[in-house]
Structure formats: C-alpha cells, structure tokens
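Chain naming follows the written order as A, B, C and D, and within any one chain the residues start at number 1.
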Amino acid sequence: MEWVQQLVNGISLGSIYALIALGYTMVYGIIKLINFAHGDVFMIGAFIGFYAISGWGLGFFPALLLAMVVCAIFGVLIERIAYKRLRNATRIAALITAIGVSLLIEYSVIYFRGAQPEAYPDVLSKSTFNFLGAQISAQSIMILSVSLSLMIILQFIVHKTKIGKAMRAVSHDVEAARLMGINVDNTISATFAIGSALAGAAGVIFGVYYTKIDPLMGVIPGVKAFVAAVLGGIGIIPGAMAGGMVLGVVESIVSALGFSLWRDAAAFVILILILIFRPSGIFGKNTREKV
Amino acid sequence: MKKSKVFWLYAIIALIVYAIVQFMITSDQLDMYYSNLLITIAINIILAVSLHLVIGITGQFSIGHAGFLAVGAYISAICTMHFDLPFPVALFIGAVVAALAGLVVGIPSLRLKGDYLAIATLGFAEIIRIIFLNTDYVGGAAGMQITQMTTWTYAFFGVFITVIIIANFTKSRHGRACIAVREDEIAADAMGINTTYYKVVAFALGSFFAGLAGGLFSHNFYIIQPSQFGFLKSFDILIYVVLGGLGSLSGAIIAAILLTVVSMYLTEFPETRMIIYSLVLIIVMLYRPSGLMGTKEITDYFKLGKRSKGGNLDDQ
Amino acid sequence: MTNNLLLKVENVGIQFGGLKAVQGLNLELFQGELIGLIGPNGAGKTTSFNMLTGVYKPTEGEILFDGKRTNNMSPHQVTKSGVSRTFQNIRLFKELSVLDNVKVANHSLAKHSIFSSVFRLPSFFSGEAKMEEVSIEFLKIFGLDKYKDELSKNLPYGMQRRLEIARALAAGPKLLLLDEPAAGMNPQETKDLMDLIALIRKRFDLTILLIEHDMGLVMGICERIYVLDHGQLIADGTPEEIRNNPKVIEAYLGEEVTE
Amino acid sequence: MISKNKLKRFASVFLASSLIIGALAGCGAKDGATSGGSSSGGKDSDVIKIGMNLELSGGVASYGSGVAAGAELAIAEINEAGGIDGKQIKPVKIDNKSDAAEATSAAIKLATQEKVVAQIGSATSGNTVAAVQIANKNKMPIIGPSATSTTVTVNEDGSVNDYAFRTCFIDPFQGKIAANFATNTLKLKNVAIYADSSSDYAKGLAKSFKETVEANGGKVVAEEAYIAKDTDFKSILTRLKSKKPEFIYIPGYYEEVGLIVKQAREAGIDVPLMGGDGWDSPKMVELAGKDALNNTFFTNHYSSEDPDEKIQKFVSAFKAENKDKAPDAFNALGYDTVYWLKDAIERAGSTDGEAVQKALAATKDLPLVTGTFSVDENHHPVKTATVLEFKDGKQVFNSKVNP
C-alpha cells in the first residue's frame, strides 16, 4: 500500500523534527527565547557522531551517547557565554544574539572543515521487511524506537525528578522559583543541556537515516522543528512531539499528492492556520492577558 | 512661515548633497563600485526604515520583511520586463502590490502577538518566496533577468521620500497612535485608538516601502532569484533595526549604512567574513542590547531637551 | 433620581473556562452620579470594569450605555461612545512624554488624515496645534503641565496616577471609570486627588464609577455604592445603608465586626 | 510651536543621513582615485590578477568552494612553474554569499577596484548572469566554470554576451545524450524524470531530455521535482515507483542525487537511473552506497578513472592538496578554467581585457582535464561527452559522444 508507506516515511521524518523541537520548546518554555542556534547544535551532533563512527570506529549507540554528551556541554556553553547576560534584555536582543550564535557556529565549522557534505557510514542493518505492503527498513524501526525512548526518558526527567520539577517551576515563574530556593541558573543550564543532548541525538539519527550531513544542514530542520514546536504549543513537551509528527506526516502527504515543491509552503500554511485559529498550538492553553 | 523655512532649508541641503554626488558620478570621479555601494546603502536604508515603522514604532515583531521586498522586486520587474512600463511607474506598482501583500499578511496576523506574530510573518514570507519559486512566469528558481535601471538619482529620492514620509507619519497623531500600540496595546485601545487599524496601517506602509526597495533592488542587480529572499534576508533587515536601536529612526539608518559598508569590506576576507560578522553581532548585543542609538535619535545629541521618542519592544 | 439613566447593566456575567468570575451583575448609573464599586480582593471588580469597557465580552446579560448596547464593542468603540477608564496597575505609555500620553487619548479630537500628516498639509498643522492646546489644558488641570516633556515613566508615582486620570479624561468620556485611583498614595495625596475628582466631575459634567479599597474614601465621596463579593452583587445603596448592611460587613470583615 | 520641532527633527535626521552618505561618497572618490592609479599599474606589473567571484558561504557554498579548490590548485601549479609569461598569478577571491546581488557587487569590485584581468565564477548560472553585464561594460572577461545555463552567454534575443564564457557543457547537450542513451542504447521507452527544481541546470537538462525522449518515440510517464537541500525523497520515490517507469533521469547535484539513488533502491526501485555531470563526485559513492549505484549512468566531461596522464596528474595533485579527497566536477572545472585563461592570456600576449576576450573566443582544440575543447560562436565550449557507468562504486567508461 502506497499510503502506508507514505505514513511510515512521514513518521520517521516527524520523529527527527520532534527530537529537535523538544529542545526548542524546553528552552522557550523556560526563558522565552527562540534559540535559533538550536538547529546548529543538531548539526554539531551529526558531525560528532560522524567522526566517532568513521574516525574512531565506534558503534551507533556509543556514538549517539558521545554526541549527546558533547552537545549537552556545548549547549550549556552557548547559554553561559551568549545568553546568560541577556536574560533581562529585550526578547528581540536575545533573538538577534541567537541568530548571531547560529551563524558563528555554522561558519566556524565551514572554516575548519569546508562546506562540502559528508556521508555517514552504514552502521545499522539495511534489511527491510514488508508491513501491509510497505517497505519498512530495520533502520526506521530502530530510529523510531530510539526517538521514542528518548522522549519517554525526557518525560520521566521532567515529571519525576527533582531537576524536572525545578524546570517546571522556573518556567512557571522565575522569581517565585528563586524564592523557593531553586538555583535558577543551574536549572536553565540543565534545560539547555537536555535540549541540546536531544538535538545531538537527532543529529546522529538524521545522519544514519539520511546519510548526508553538511555544516548548513541545521538551518532548514531547525526552522521546521520550531514550526513543529509552535504547532504543538510552544513550551509544552508532548506538544513538540505531536507537532513534529504532524509536520512530518503532512509533508509526506503533500509530497505524495504530487505537490512536493509546495511542501515547505504547506508546513507554513498549517503553522499560520494553527496560529490564527488556535494561537497557543494544539496542546496549548489559551492564556488571557491580565488587565 | 518660519517652520516651513526650516523645512526647506534642510530639504535644500539634502538636495545639494545629492547634486554633488550626482556630479561626481557623471564626471567619473565616483566609479561604478562606489555608486553601486551608495545604491546598495540606499536600498538597505529604505528597508531598515520601513521595518523600523513596523517593529520600532508600532511594536509588531515582524521577521518576514524579505517577503515584501520580494513582492516589490518581482512585481516591478514584471512591469518593466514584461509590460515595458516606465521604471518609476513600475516602482510605484511594485510598492502598491507589496502594500497589498502587507494587508493580506497583516490582517490575519493581528490576532497574534510577540513571538507568535514573528513566526507567522516568517511563515508568510516563506510562502511568498515559494510562490515565486514555483511560478515559471518569473523564471522559477533560475530567476528573472532584469535590465539595470536603478541609478543614484532613483535611490536617493527613494530614501528621501521614505524618510520624509515615515518621519512625518511618526510625528503625527497617527504615529503617536502606533507608538501607543507598541507601549501598551490594551491602554491604547482603552484610549480610543483603533489598534487593529493602526497595526494594519503600519504593516501596509512598511510593506509599501519594502516594495519600493524591492523595485530598486531588482533593477540594480541584473537578476533576481527566490533564494535571495529567504529568512536570512529578513534577519539582515531585522539586524539593522535592532542594532540601530529599536524605535530610533536615525539608529536604523546608521546601522544600515554601517553594516552595508562592513559587509562590503568583509568580502575581502571570504573565509572569515561570516565569522567576523556574527561575532560583531553577538558582541554588540551582549554589551549594548538596546542597540547603538538606544531609543534616542541622533538629533537628541544636539539638543538640550530631554524628550525622546521610542523605546524598547518590551516583553508584554 | 432626576437625571437620565446613563449606564444600565442587566444581569451581566462572564465565565473563564469553568469559572464564573462575575454573574448577575446589575448596575444603574444616572447622569452626573459618583458611584463606588467595592468588594474584597478577587470579588470581580476589575473584571466588571473590563466588561464595561469592552476588554472582556460578557457571556451573558446586556450592557446599555447611553441607550446603545456595548456588549460586543471593542474597547476603542466603547471609548468613542463615551466611556473611558484608568487602570489599577498603571498603564501609561512609558516611552512617550507626558504631553504625548494625553495627546494619544485626544486622538479623535483632530481629523487630519494620514495623507495630510505625511505630506504636512495645512490640516495637519491646525489639527496638531489644536491637540496640543487641548492636551496642555488637561495637564494644567492636573498640575502636570510643568512635566509635559518628561517621559511618563520618569514621573513620580503619584503623578503617574494623576496622568492616568488626565489621559482618561482627554478621551472625552461621559462616564469615567476609575480603578483604584488612590492606590499607593499617602493620605494627603489621596485627599488632593479626591478634591480633583470632585472638581473635574463638576467641570466636565461627568458620571464617575470608582473602584476603591479605601473604605473611608469611598464612603466619603460616593453617593451610592455597589458591593461585589465572589462575583456577585451583594448589596447596593447609600454609604449609610452599606455601612450597616450585615452581608457587606461579613464579606468585608469576616466575622470580626469591629466598627 | 510643535510642528516646527517635528520638522526640525525629521529634517535633521535626514540631513544627517545624507551627510553620512555624502561623506562616504567623498571617501569613496578618494579611494577610487588612488586605487585606480595604483592598480591600473597592476595590469602591466609583475603579477596577473585573476578575480574569483564565488559562492563561499550561503546556500550553495559547497559548489563555490569546490571551484575555488580546483582553481587554486591550478594557480599554485602555474605559479610554481614560473607563472604566465614570467608573471605570477595573484588570485583575488571574493565571497558572493550565494546571492546574485552580492555577485553583482563582487563583480563590480573586481572590475573597478581590483582591476583584474578576468573573473572566474560564479559556480551557478544565476550568479554568473548577475555579473555578465558588469563584465561587458568593463571589458572584463568572465568565465563561469559551472554556469551551464545557455542564458549566461546568449541573451534571449539571440545576441551573444561578448565577455561571458563557460567551461562546462550547456544544459541541452547533456540532456540529449542521456535521452538517446535511454531510448537508443538501453531501448527503454517509459521513462520518468526527477529533477532539482531549484537549479536551472537540472531543469535545463530535464527539459532537453524530455524533448529528445519524446522525439525518439519514448514516453515520459512521470515528472517529479525536488529542491536542493532536501533530504527526504521517500515520499516522491514511493509515488514514482507506482508509475512503473523503466528508467529514471535524475539531473541534479550529487549532494541530493546520492541520497535519491540510495533511497530509491531502498524503496525497491531497481531500474536504471541516470544523471549529468553534477553526479561526478567521490561523495556520490559514499552517499548512495556501492550497491545502490549499480545500474546507474551519468554524462560527464571526463572520467577520473581515465588512465590519461593529464587526468591522473590532476587527480593525484588534487588529492595531495586536499587531504586525499578525490576531485569532483566543480574541482575539475575550476582547475580547467584557470588553465584555459592562462592559455588565452598567452595567446593574446597581453592582459588587456579585449585581447583576452578575443583569445578566449578563438580557443581551438585546447586539451584540458575535462576534455579537449573549442569555443563556438555562442561561447559554448565544444567538447566530447563521456557516458560513465557505476560498477561496484567505480566509474566505468561506457561510451563517448561527440557534439
């Protein structure tokens, strides 16, 4: 069945968007910053995974773990160096800084290794099997299960652990959280660490699944993931997952209908419709401004 | 009257500056490189000032300005290349159509605020770009070849008209209404300001001038392609406005000039160009988050009065 | 009462999600009255103001101002029909000068179009001159004219409160809604303010509805008082009647009646 | 009066800006005059300035950097061997950010400030077109190493841009060869096209492929498009598969095509696939995988596996310079462009723009890495095309087609 196949394609793509969107949504939820550099953390993750696998011969899981750790540290560094000072500045100044950080990361990578793409080596089994007439590769199953497990772990962290509780408290009200004895700085850093680790994981998964990585690879998925985060209701973790999946599936359907060139436009049309008719996203709560 | 004398004095000085530059161009003292640089600066000033009206004055966080630039660029190019209309007419039509696009984008987006509005405008701009990308009439991805028509004269008067109109608009009851919307939308509404109307006006006026800049842009660079109008272009314009200081007209102009010159200069260091550019951006934002001029105008430095227009786009 | 009925609020209520913030609100305001609206914190006073000014749309009931139904009007339409207000949490246009704050509210006074503003046609100059003149008049009444070029955010707190009222007045209301105008002021400032309110009421032939926490103040100047508790109207009447109403005493002071 | 204040404010703001512009213009004039004086000497001095107007950042940075790497290798070789007529080549490299407007400005800078002998670039047709009028006005020959669109050298009205040249094939040529290969050599009639719609190169190839296939009695059963930088082609491939083509033509660049070939094979499409010189890159094999590339073909200028001495010398020199990376089509074309220019300057015996332009236009049977070529009256290079086949990750010579 062609449609089952298209659905599978869409969900695989969607799970990558979802992983990146999670980082966006967490950071936005906690400091209300559209972290444009997030897509580039994703790119860094992909390259670390690449060098780990092809350079040092690591397997998929060790490479994934390594990329996550390095990206977590990288994310915290970005936050500490570039964003921390701007916590009380206007949002737009923070946004411009984020754009600056994004360009800096992209072009530093180009400076050090050039702009040419890199091809991920095959690390996962290439066997495919048939499901309701659709060709499903073991890879996609693997990727989907890794993505889902990461999301479940994230839900666990946010809802069951102390740091998760701190994150929720800070995102709700920074001042109140501070008064309650929560170390706000550390909590924000932890948020960046977790969000960036997920982006790093998404990078490795992306590389394995789509093979090609390059220094500017983060730009488009970064914007798409942000769309996904808004779609689901920015700041809401299950929303980012759902938004990512919806976006992936919609893009596949649009392509399948023969409008592939309008695919990106479709993503934005949905975004705008959602924003206009349900401004806080699929899962968002409408909040009223206090007068 | 005295006040109109002052006005004419300044207008005449500006025209003299124009005439001197024009003379230097015609007498070959200024070669193509510098006249092109001046035209590019002029186009960027128009873009910065038009976005300043939307973000700096009205407080509507739009990051899709390149979409309107694209509309103006393509429509005016169609007018001259396909319909053989005179260039000034084409510029005007391009600007009007861009203003209409501004209305189309503005009206549904007005329900949104802050970051949501920002991302919606980004989405609209991308949609506009993709429409041009898929329209074979304007060459699709390969782009459209255009005869060069933009001259220093057109560019100068483009800036002249834009700055006069936007400055005059700002300093009238309509401009105050827009600033009131920026400062506190609910209070503005409660004071009898039709906030929706003024947001739409600001969008349309901003888009009009972005469209004008588009016409000058497309007729200066021989070819336009949809890839030139992506969100990175919108960010460039946004950066002029923020770096100059939100709410400061002269800040936007100064930032547009500075960054255009810096960017032109950096082409000599192709490997490190973008790295330097991004570092400058980060450092300025870290150490001067309110931009170069803050909310002040350059004229404030010459006056003793403490009055100051403008301000930050505060978190609501 | 001898005067015309200016505002009639009939059975108005609003619901946020499942929560009924205000229900069954009935108010009648006659031309020229000064009425108090009181109630403990969270009683729904400001919410009621928001409904009267179009910020919130009531989910039930009718609001008739000057014979017109204002339920579904947006705030600026309500303002143009003659209701203006101040805010409990001061909402000045911080980066605008004191004068410009008032000019914004004077917006509809002049009629020069965008076109004539942009091209500086004669109607622009006459319109702006008129706005300036009228706005300065308002500032003078409130003793703010000497601060006219100051940014409003730089004014002292009491002056900011005054500017809020001046601005609301400049919008040309028949009915002025004041949301805790004396909040945070010292007794002397409060007294001056109350004198001022009495003055403008007379001078502009205003009807005023006032939310206030300071019971003494409300009792002192209001002719009638409405009392809200838990989103419902629990009493109305003259200050004397309210003072002795057991329901009000209970709502306001709990069980400890100490007066 | 208020209005006076207002007027004063806006007018002084405006004045200030005018003055800044004026001041800039003033400095500009001075600079222009001095640099004009000194660098006009550059033309006759001991170095030969060659401009490079390339995409070194932005969307297609990898194409521009590829050309730059090839060209720089050639320049280094030439300078080591004593330069052109004893003069060293001095490259002036400018980044056009993959943006046509920046490409125009860069060309103006090269022509009027740097006063280069000729400009190499840009890598894409659009950015080259953006510089062509500047080249004509300033009598500065420009050579687009990989600007395949006909419009670079020939205007819509059929007139030729005197100062514009290219090193690569024009679009229609490769499409025609591929079509003939499908219908005549492989004898397949039902073909599909899957082209990069963001590149006029791929669109040009697709167009001429379609025309030739139809002229040869074949049928195009499906036409799909993608956009450069896409990574997920599975949806469209799934759709293509359902149309049951016997052959799929995929013009585009290896960055996407590699993934398309891989994903096509994963989706169970096992028919022959074919493309143009954009396929030529060592990355192609890495991206697509050896197995997936079996039964695929592409047209190219040359084969890097060709034992020809000149080609092998280039391949090994390039690898030595670039961390053992094998050259791709951009590298080879950038490399050849410099040698072509060197040949023209030598034949012209001068670095005067007009003389070099005439020499470039008169090029005949010049042996270069990407083929021996001559320039026709439309400034198209006339050179042999090679059809290559991938066998276990190696490019294998299949056939040669003369223009």
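Basically, a contact is a pair of C-beta atoms (placed from the backbone, for glycine too) under 8 Å apart; a residue touches a chain by one contact, two chains touch by 3 or more.
For reference, the UniProt names are A = ABC transporter permease; B = ABC transporter; C = Leucine/isoleucine/valine transporter ATP-binding subunit; D = Ethanolamine utilization protein EutJ.
As the structure is a computational prediction, the values presented were derived from the model and not from experiment.
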| item | value |
| --- | --- |
| Chain whose average C-alpha position is farthest from chain A's own | C |
| Most central chain, Cα average position | B |
| Pair of chains ranked first by number of touching C-beta pairs | B-D |
| Intercentroid distance (Cα basis), chain B paired with chain A, Å | 32 |
| Rounded Å distance, chain A centre to chain D centre (Cα mean) | 35 |
| Centre-of-Cα separation between chain C and chain A, whole angstrom | 48 |
| Junction residues of chain C - those touching two or more other chains | 55, 87, 120, 124, 128 |
| Per-residue multi-chain contacts in chain B, two or more chains | 7, 133-134, 164, 168, 172, 186, 271, 273-274, 312 |
| Where chain D touches two or more other chains, by residue | 1, 3, 6-7, 56-57, 59, 197, 227 |
| Residue numbers on chain A that touch chain D, as the complex places them | 2, 5-6, 9-10, 12-13, 107, 110, 114-119, 122, 126, 128, 135, 137, 206, 210-212, 214, 216-217, 220, 251-253, 255-256, 258, 260-261, 264 |
| Touch list for chain D against partner chain B, complex | 1, 3-4, 6-22, 24-25, 28-29, 31-33, 36, 54, 56-59, 93-96, 98-102, 104-106, 108-109, 111-113, 125-126, 129-134, 137-138, 149, 151, 156, 197-200, 203, 227 |
| Chain D - residues contacting chain A, complex | 56-57, 59, 61-62, 65-66, 197, 224-227, 229, 231-232, 234-236, 238-239, 242, 255, 258-259, 262, 266-268, 283, 286-287, 289, 325 |
| Of all residues in chain B, those that touch chain C in their complex | 7, 164-165, 168-169, 172-177, 179-180, 183-184, 186-196, 201, 247, 295, 305-312 |
| Complex interface listing, chain C residues touching chain B | 53-55, 74-76, 79-80, 84-85, 87, 91-97, 100, 103-108, 110, 112, 114, 117-120, 124, 127-128, 131, 149-151, 167-168, 170-172 |
